[in-house]
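Listed after this line are the structures, all set down as structure tokens.
Two complexes follow with subunit A in common, the first pairing it with subunit B and the second with subunit C.
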Partner chain A sequence: MNKQDAKALTKLSPSLHANVQAIRTRFGGSSDLIVRLFRSDAAPDRELAIAYVDGIVNADTINESVMEPLMSLRLPEYMQRRGGKLLDALRSCVVSVGAVKEISTLEEALQYMADGLCLIMADGAASALTAEVCGGNQRAVTIPQTQTVIRGPQYGFVEDIRTNISLIRRIIRSPNLHVQIHKIGKQTNSNVAVLYLHGIVDEGILKEVYRRLADIDIDGVLESGYIEEFIQDETFTLFPTLLNTERPDTVAAALLEGRVAVMVDGTPIALMAPTNFFTFFQSPEDFYQRYDIATFVRIIRYVSFVLSMLLPALYIAVTTYHQEMLPTTLLISLAAQREGIPFPGLIEALLMEMTFEVLREAGLRMPRAIGPAISIVGALVLGQSAVQAGIVSAGMVIVVSFTAISNFVMPELNMAATSRIIRFALMLMAGMLGFFGIFISVLFLIVHLTSLRSFGVPYMSPLAPGPKMQGVWRDVFVRLPWWAIVLRPMDLNLRNPKRRPSGRKPPAQRHSDKP
Partner chain B sequence: MKEESTRQITVIQTAAILVSTIIGVGVLPLPLFAVRAADSAAPLITLLGMVVAFIGLALVTILGKRFSDKTIILYSEDIIGKWPARLGSVAIIAFFAILTSLTAREFGEVVVTSVLKQTPVEVTVIVMLLLAAISTRNTITTFAYIHNFYFPLLIVPVILIVALSLKNAEVINLQPIWGSELQGILKGTLTIAALFQGSFILSMVIPSMRNPQKAMKASVWGIIIAGGQYVVIVAAAVSVFGAEEIKNLLWPTLELAKATSLPANILERLDAAFLAVWVTAVFTTLLSSYFLTIYAISHLFRLSDHKMFSFFLLPLVFVMAMLPTNIVQMYDIIENVGRIGLFITIGYPGLLLMISIIRKKRGNRNEGKSMDETG
Partner chain C sequence: MQQIGKQQLSILIIIFLIGSTPLFELGIKAKQDAWIAMALAAAAGLLLSAMYLHIQKRAPKAGLAELYKIHFGRVLGGAAGLLNACWFAYESMRNVRDVGELTTTALLTLTPKWIVMLLILLAAAYTVSKGLEVFVRVAQIFFPIVAVSYALILLLLIITGLPDLHQLRPVLENGFLPVLQTAFPDLVSFPFGQMVVMLVFWKYVGETNKVSRVTYWSQAGVSVFLIVMNIVVMSVLGPELSAISALPLLEVVQLIQLANFMERLDVIVTLLLFIGLYVKMTTLYMAAVFTVNAVTGTAYRHWVMPVGLLIYASSFLEKNNTYHMWIGLDITLKVVPLFQVALPALMLVVGIRKKYKAG
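Our next item is the complex of A and B:
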């Protein structure tokens, strides 16, 4: 409950029937609202009631831990003597659920019921008990759908935030893992959890996260994307300034690096901040594979990111303006391909890129069963036939296909999407001004990137403004062996910048050849 | 977290700002300027120009250290009084506005002459100025980050081209090292020193440095790296083409790039790739002089925000850039403006320093902690 609403709160009435009536009215007589009035041996003279919303509670728990004890148990003598404090007695002696809380306002009662808690009321008491009996149907923890790894844990988040937090807790078994749950959304009252590792996280960043979350005023939060758009630093940018993942190990790694994670109930996607440009090129698998392979793959990613933005633009620029740059034989073979093509390079490229984007989107949205049809149409009809019909050149098809494939190398989808949008802008600039246009656009992009901040952390760090400490480079463009990565990656004033005291490999025990 | 503290710029960043500001559009005609003045003594005269430029930069640095909380616009008022100082500041602003427009024009001419032959020069100039104008709408800290980022991009390719061109180099072209005639040396030295004028940006950067007392270190390194690169380029161009041939080339450095090719025959010619680097170099120079202009204006009017001037100045700079009628006239103007500029970038700080020493004026000494600077 917010402080502004404090005036509107209504106290629970001492009359049980009045309370039940009020709850029924506020729920609009919903048929999944279950209210049960009963008398029990525990307090034979007073009527009791439990109320909950069906489907989001665990019926077994209600039966075993709330109803059964209430109905069958007798209160000890000394408890009976205490008269009016029946609820107190119930709480301490009868209800055998873990978390029980006493509340005194109707709004609280309604909120807890909507959250899946069971309400226990007694006649004559102007308050009620809530018992945690959350339950209902949920998806089981399964393999993550969007971020797959070959080596590494094979489970992802689910929609239930409690399960998700527990997955993190199982990785980081430490009281330093702090979890703060906020309610965001006037109607949905979604649980938004902030997770961080106490002692590692930068307090300033943590405060900033809380401040931005507190400022959110929205009726509903259905996915972490809602939160992301509210708390990101810059709205008018193509570049994501928050990481997202559906992998618990990625979140755990981020927490260990001093980031703050934000989880939203109802979605398997968690957010992590602050971040910088280079984090988007790291896959969790980088850290599970051997460092040399990881380094190689990481360099491949950087190259393909640049290619997926620049390749069509470069092709346009070279074929339209700078033919002299190409070696003669290559130039001749390109010119021969383009001989019968009716369109200028820019139109040809735009045509093919748009086709690919349409195919891609179609592949995402269509029902699974139509998949093969789309791939036949896409590959054969649009690729091969277009070349044979002389509408696009074979070189262009190669360029577009390679661009498309290199885009899929990116481990983070949002960064991949960024490069796709920028690609079109670059193609236009290349069509207008050739190389000059491309350079100008790249200059602009870099200026833009350096001006970005993610929760106050420069987006291009440690490249610009340069590393504050030696050794930050060991996990940016390359990944050195784990024992060499001494520092946490972010160029922040972390409280605790070092992961481990020294960068030495533990010496291996050398077995001599002699037996 | 959102408000960045105003004193964030490190020594390395300052050096990067200096290097990438100094290396700019002047790289292309530099060997021509040097050879015209002193034939085969071109590398030597470049070195001399570098020394002269360093004297100017050193004056600015010493002044900046004496008044570590203020830009030259503000501390000049402390030294020589309100109105004379404002006159000086207006001269600085006007000079750098002109320098910005000339840089943009020179850049436009190169692009139109060598790469985009059918594009009107207005287009390339306005695109470049727009890019600079948009980029100046950042804080001075981000400004430093931008230079920091581009710094390696400016150093590595030039070294690469120089190294690759060594294949065609003839040492005999560099002799006699002392040159044959000494008449043009003074003029040539000043012309080349004028290419270093962008380093005046230091007078705006010092108040935002984390440790202004280390500014001298930054300026020494900045001059050594940028000047060293200039000397290397001149030496490479002269050794490849020879002094007499360079006199017939408008942009010898560009020809140097054209004359080199990558070993594996991937790209036939390197000039477009070189132009890419050079666009970056020009951009950083343009950004600095543009930034200096609007930052100085905002300080002159005691405004906390310089952003509003970035587009306000754009039409003015663009019109000035279009004033020269052709390349020859443009280079005449550039040489003259450059030499006049030396009075502003070396003479004026020298005067200020002298008077401040005589009048024993100093800024407040609690360096590093003051937060009252606008930025």
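Our next item is the complex of A and C:
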């Protein structure tokens, strides 16, 4: 908006017909632009007009709250006498929509109409009224498609940002939940909302979010991924430095932890920052089910993340360079399988991994109806037959399958994608240099990870650098019972690091032994 | 400016001093009294650290090069700084070469040495280019791995009952002289005297008043640990076997066999070896870059690649491993006291009569 302000703005003219003509011209005579001129009892001597874009407004609201009152109502006497202030009168006495605003420039009028507001104009007034009548067809709130839980809320975000914000408002019923909407995208003018909990969020981080959002200059924002790439700390990294989710409860939890959420109109995916490496291993369900189970599952996730990166590389290294590492019986069995396999371990593994990646992508893109075909092709043809045909060894199929499955354990898909790419690099290094290659690659990874930051927060905190307060550990590798998680998890200079008073174990239920 | 915490300093000292030391049986010249030699050298090492810390206290926000300049003047101090940077780079190169030798003899017999050394040096250069803060964080991540690995090894050794303390007898079989000769100067120079490198890094510690305490405690702790590891290896292998083995700890770990499952723990030792060498190499590399940077006053990032190239190129100068060992054990040990003892002592003496601004 700032850039538009800089340009000369056109004032609305007092002539109704001139205004209508200007609006028609600026919309290029679009056929979904509805302009209706009429006269009413409210002001019998002057012509009125309403204008809106069809399809993005709620027709019922327009009829009931704008047209009907305008057509039927008579202004009270004292109002009529005030003459020129017709629009004021209409605003306070006639139009019964919640949000009504007076504007005076053509550009504003056009912008509001494009946003789905209805414009009310009167002859002789050099300004116009806008009425909030947003509507049109929206997808209903449904079960989240990508992040499912067994226990926990079963609804996800939709494309409409107003609905999405309302979903958060319904969880955090507090005036401290602040929402700031920015317009980003010169053409799309997309609504981008910044949400935070006042009194918990770190002001410095909030300012940084605003600064980075203000720097974005792009023609259109179609998804939060656009925003993510503009505001992330480091572009040349495989690791995501912003969390994303389509679950309102996850956003609410992040806000309670002092993070800032960014929502974009037109997508159900919200962003959350800052974050660190370990947050990507937390599923919302961790906090809903029993803490011991949650801890177990969380450890499983860490292990499978490491395995999904390292397992094929380790297999290649062991079978190619370090056979002495294996127990003798296993070694003999593996060697027997590999007898007659025409390729070296590296090629064999790359072949299978590529096959799996293709299968996976195909499964994602192909029409639902032919879905079962992929399982037949994948499981039978590429798995069993490949082994029988002597192209790959059975051991390799096991390794690749387990790697693939363990990749799906990750609750955050973008971190899972990271491990898929790194896996290939590690396989190459293992194929060339064995364990030494793996060690060097992991070394590079660790140095890279520790050098990353997310909105100034070190990516590997609280592991490195160590936590400022020891209690932070209670929700990283393990998840302690809720009454023990005293601190908010992020190692920030939060204004308000404590989420609850410490040392209050709930009293155990006393069973009355005595009758 | 970069800043590290006292906990991070402690971890840096611990992991730097441990390095790859426990894998070797240092002080084997003293036979079964190696641990006494280690203890003596450790005590001397603490004295050296006291000297370094005393010098550091005169100007808490000065690094090694600045300290030289303060004490010896711009030209002489600058020259001393450059010389010292060369020594750091040289010590770093020794670790690079160690990685090359060990990898090509133990892990990848057919792989050319140059690629192994290039890769590990690239990892080090990447770390150095990211700066001290990132490096200490990397050390922080390694610390639990190293701690758990050594703890596991010790635990398994105790369970299997391999250590036999009788191997340490007779104590002081040949009198005190061989022990003294082993401890000074060999064991003092490596590993304890390498603490001199901390003169480069102490100034980055945020809590200036805690530096001495943290340093003493960390160094004392590491010293005890090193002595314990020395005793463990000696009590498992005995003086003769330890003397001829290239990597005594590896031999020790290979002896561990538990429940037909815990057998091939060589990986852990190899991992510890690489981590140790990487940490030492990077610390010294970084110290060299910091010092050159402080002497010349040019941008830090400009020196990462040249110093790295220098290290890489010089790692080819030695013809073979025997030559490498000979230089390391004979020549180097004669030069090292210059940087570890002579120059700091000179600073100490020169500085007694100077007045220092609190800074």
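In this text, the second predicted complex is superposed on the first by the 506 of 515 C-alpha atoms of A that agree within 3 Å, B and C clash if a C-alpha of one lies under 4 Å from a C-alpha of the other, contacts with A are read in each partner's own complex, and residues count from 1 in each chain.
Note that a residue touches a chain if its C-beta (ideal position, glycine included) is under 8 Å from a C-beta of that chain, and two chains touch if they have at least 3 such contacts.
No experiment lies behind these values; they were computed from the predicted model shown.
Enquirer: Following the overlay on subunit A, give me a clash-or-fit verdict for subunit B and subunit C.
Expert: When both complexes are placed onto subunit A, subunit B and subunit C end up clashing with one another.
Enquirer: When the two structures are overlaid on chain A, which partner does A:Glu208 contact: first (subunit B), second (subunit C), both, or neither?
Expert: first
Enquirer: Comparing subunit B against subunit C, which has contacts with more of the residues in subunit A?
Expert: Comparing touch counts on subunit A for subunit B and subunit C gives B.
Enquirer: Which partner does A:Arg500 contact after superposing on A: first (subunit B), second (subunit C), both, neither?
Expert: In the superposition, A:Arg500 touches no partner, neither subunit B nor subunit C.
Enquirer: Once the structures are superposed on A, label A:Met325 by its partner contacts, choosing first (subunit B), second (subunit C), both or neither.
Expert: A:Met325 sits against subunit B and subunit C alike.
Enquirer: For A:Arg139, is the partner it touches subunit B (first), subunit C (second), both, or none of the two (neither)?
Expert: Once the two structures are laid over each other on A, A:Arg139 reaches no partner at all.
Enquirer: Give one of first, second, both or neither to describe whether A:Thr450 is in contact with subunit B, with subunit C, with both, or with none.
Expert: both
Enquirer: Please work out whether A:Phe439 is in contact with subunit B alone, subunit C alone, both, or neither, and reply first, second, both or neither.
Expert: It touches subunit B and subunit C both.
Enquirer: For subunit A, which residues lie in the overlap of the subunit B contacts and the subunit C contacts?
Expert: Overlap of subunit B and subunit C footprints on subunit A: residues 321-322, 324-325, 327, 433-437, 439-440, 443-444, 446-447, 450-451, 458, 460, 463-466.
Enquirer: Which of the residues in subunit A end up touching subunit C in this complex?
Expert: 321-322, 324-325, 327, 433-437, 439-440, 443-444, 446-448, 450-451, 458, 460, 463-466
Enquirer: Which stretch or stretches of subunit B touch subunit A in the complex?
Expert: Spelled out, the residues of subunit B in touch with subunit A are 1-2, 4, 8, 10, 12-13, 111, 115-116, 119, 123-124, 127-128, 131, 134-135, 138, 141-142, 144-146, 148-150, 265-269, 272, 275-276, 279-280, 283.
Enquirer: For the complex, give me every residue of subunit C touching subunit A.
Expert: Residue positions touching the partner: 5, 7-8, 103, 107-108, 111, 115-116, 119-120, 123, 126-127, 130, 133-138, 140-142, 263-264, 266-267, 270-271, 274, 278.
Enquirer: Looking at the complex, which residues from subunit A come into contact with subunit B?
Expert: On the subunit A side, the touching residues are 204-205, 207-208, 321-322, 324-328, 433-437, 439-440, 443-444, 446-447, 450-451, 455-456, 458, 460, 463-466.
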